[in-house]
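Going in written order, the chains are labelled A, B and C, and every chain counts its residues from 1.
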Amino acid sequence: MSPDIQKLEIVARRLRRQIIRMVAAAGSGHCGGSLSAIDLLTYLYFCELRVRPEEPQWPDRDRFLLSKGHCAPALYAVLAERGFFPEQKLWTLRGINSSLQGHPDMRKTPGLDMTTGSLGQGFSCGVGMALAAKMDHKPYRVYVMLGDSELQTGLLWEAAMMARQHGLDNLIAIIDNNKLQSDGVTETIVDVEPIAEKWRAFGWETRRINGHDFRQIQAALAESRSANQRPKVIIADTVKGKGVSFMEGVVTWHSGAPNAEQVQAALKELGGDV
Amino acid sequence: MRLEECPHPVPLIGAALDPMKTETNPRHLQRKACLLRRHIIRMVGVGKTGHIGGSCSCADIVAALYFSVMNIDPAQPDDPARDRFILSKGHAALVLYAALAERGFFPIGELDRVKQAGAMLQGHPDRLRTPGVEANTGSLGQGLSLANGMALAAKLDASNHRVYVILGDGEINEGQVWEAAMFGAFHGLDNLTATLDRNGLQAMGPTKTRLDTGPLRDKWLAFGWHVVEIDGHDMAQILDAFAQAKAHHGSPTLILANTVKGKGLSFAENNPGFHNGMMTQEQYDLAGRELDAALAALDDPT
Amino acid sequence: MTEAVPNRVIYGRTLVELGQGNPRIVVLDADVPKSTNTSQFREAFPDRFFNCGVAEQNMICIAAGFAASGKIAFASTFAVFASMRACEQVRTSVAYPRLNVKIVATNAGLDNAGDGVTHQGIEDLAIMRSIPNLTVLSPSDPVTTRKAVLAIAQREGPAYMRLGRNPSPVLYEENVEFEIGKMIPLRNGDDLAIIATGNMVHQALIAADSLAGQGIQARVLDCHTIKPVDKAAILDAARTTRGIITAEDHNVVGGLGGAVCEVLSELCPARVKRVGLKDCFATSARDYRELLAHFQMDAAAIQAAAYELCGSKSAHIPSRSSARRSTP
């Protein structure tokens, strides 16, 4: 079924507004990487993942792991939108008794498949889940979202080797390649390119797309369903801070809450009520 | 089995090699490698376990490094301008000890006391105890990172010394190796040469069935390394590879050395049981005969 | 300098100070130099700074490689990653061969409130002090942080230091004597002793003030060195007061509390109350103080522990003979 691209764009824009509001309310959080990931997450949760918000633990659900766990605001926004929990919860982000922790906590938040935040570990857990599905002859797929700087982490390559070894064609990794990390431009810190060649050398079926183009996202995911003994990776080129002009491509928006003025300006750009 | 009981005593060549003279004749170096294997089996002895397989598979490479390639002087083990060697696959310590002894870093008699409590030669290399050892390895995956630090220090100090590492093919299961690979290439550490002792076997079986790390060449190329693939027992190829590495600029070199685990011992070749294996008396005697025959065949007729 | 400053900012400044005086100093970080403040060194000496990216294990061993090459290597990241992600590398490549690597980890304890559990290092003191050859420090304020950084640079061998995130009030004059392994007495008192470390030293002082108002005189000792721990000060506290409270932004298992109890139980059994995280994970919070209060790790909690030791909330203190026994 062909997705309604316009509708997706509207949803994604709304979720961007939620992210800005959420992080502002929390007083801290990671805007840049949340905004770069939200189009991918919107597509996943509205068109791709077989999940049941009314039954978050449905055994045959597709799994999603946000290995780049610091972008929790994006995931929380899309989970709320999808109906896993009420929208009001979003404004409690990082609060002391909140079900929405600074990084995803699977014991606290409905709809989370794994606790993440320490880079590289979510991906490894995803490999375990995909293996379990194979062992149990289950049809569900496992999707993991990574950040580009996460590719600097050795654990990731351990898991990549394992996935190939075990022919985990039910595992799809999506790299939110926004080219910036905490300390700056990724290629100036420890360059992770050539990304595609690395993954191919590790035996993964590799695709590269514009991570803000829903048609390309759709095509890549549709092609990533073959049962061919090879795990799949989609390198999604994105813009950190996408959608908010003063955040786009700006390293310092890796983390930090926008002030009231910035919130107003961002919401205006995102077509929302201020 | 003690040295005095050994029916095939190893000719002691304990005198230090003249640091100004390096060996260039591949045949002579092959003989050195044989000698190292001879020491290895003597150190392991009968009825005790030892990492025979992985020590023997890289003996040719180690011989090339210690008797030809590296700029080292046993009389000055702390010379800041010395080349560094890190045996990242630290369980192959026996081959390193044999080479260090033969080069004169310590008395050859120490080889007799390997792994004894308080001995200079521990089960895995210890830089605080053993002259000539640069790093405490044994926990796989750390050596390439250490080498990165040393190579970077050399660049910082504008020193021409080089850093050499030997990795195991099972070892590259460790993610840290890939962290180090990415870092080394990013910093253009062309004074760093890593050799991958690809003997196809790891502790419990074939590498392929544990965690297949192939295709290795493509991986290292994708990580930004210059790659040279060789037969790890062909001394001419080994020497040529190290020369290529030295001449290459802009990125570190990975020498992908295809080897045979347990090389030189017929019963140990390609036998996973000799990763950390034990020899019977018969096997020990056979090993001695095979290596002595090999040594004799490589003796310089002049 | 009287205003509160994050100790990690002082760390960054002191690194620059060190770098100016000693060309052997090199600094490494794992993608968080702006948080750890190694960025200050980077700005001053870009050729001697190396960002290893999200690769802590690699970073620690590179630091070891530098040290083996005659450098003095400082390596920084968050406490949770330094002590756990790269634990084995610290142990095997740094501590075991006694290499001159100083691991300075910031954002320790619950001081990393908003990020939540994955980023809160609450086990690092327990882990690091169990590694032989490693000196372990946890300075409390900006003045002693600077002195601690200078001290570990001066002292050959492996060291680990933890620092928090938020601003710390200045507790000392610039000329305070700082010696690795020697606690600093901040306040005298013989009714009980509060041995605190890091951020909790300030909380201890607040508690001691409050207790004094009720006639309970608490000694406050700044235990900036977890290893080697100041046995003499601990034993003196046991012998000359009625009980000891330990306070740390850390699990009560294995850190300062554990170190103090080990000394006492072997040499001078005494009553101890450990204030810290009660062997549980915390949570996210928007304010560090909120977390301390919620998990009973603030001045009020120290006070409550004091009351328990004293037997009641009033100024009445049980007599010495009933309090504890000590070995001769």
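Definition applied: a contact is a pair of C-beta atoms (placed from the backbone, for glycine too) under 8 Å apart; a residue touches a chain by one contact, two chains touch by 3 or more.
What you see is a predicted model; the values in this text were computed from it and never measured.
**Student:** From chain A, which chain is the farthest off, judged by mean CA positions?
**Tutor:** When every chain centre is compared against chain A, the largest gap points to B.
**Student:** Identify the chain pair with more contacting C-beta pairs: A-B or B-C.
**Tutor:** Between B-C and A-B, contacts are more numerous in B-C.
**Student:** Indicate the whole-number Å distance between the mean C-alpha point of chain A and the mean C-alpha point of chain C.
**Tutor:** Comparing mean C-alpha positions, chain C is 36 Å from chain A.
**Student:** Between chain B and chain C, what's the gap in Å when you average each chain's C-alpha atoms?
**Tutor:** Taking the mean C-alpha position of each chain, the two centres sit 42 Å apart.
**Student:** Among the residues of chain A, which are close enough to touch at least two other chains?
**Tutor:** 120, 152-154, 190, in rising order.
**Student:** Considering chain B alone, which of its residues make contact with at least two other chains?
**Tutor:** 141, 175-176, 179, 182-183 - these are the residues of chain B that touch more than one other chain.
**Student:** Residues of chain C that contact two or more other chains, please.
**Tutor:** Within chain C, the residues that touch at least two other chains are 52-53, 55, 57-58.
**Student:** Which residues, counting only chain B, touch chain C once they are in their complex?
**Tutor:** 80, 126-128, 134-136, 138-139, 141-142, 145-154, 156-157, 175-176, 179-180, 182-183, 187
**Student:** For chain C, which residues are in contact with chain B within the complex?
**Tutor:** Where chain C meets chain B, its residues are 26, 47-48, 50, 52-53, 55, 57-58, 60-71, 73, 88-89, 92-93, 96-98.
**Student:** Which residues of chain A touch chain C in the complex?
**Tutor:** 26-29, 69-70, 94-98, 101-103, 105, 115-120, 149-150, 152-154, 181-183, 186, 189-190
**Student:** Which residues of chain A touch chain B in the complex?
**Tutor:** For chain A paired with chain B, touching residues are 120, 152-158, 161-162, 164-165, 190-192, 194, 197-198, 200-202.
**Student:** Where on chain B does chain A make contact in their complex?
**Tutor:** 141, 173-179, 182-183, 186, 211-213, 215, 218-219, 221-224
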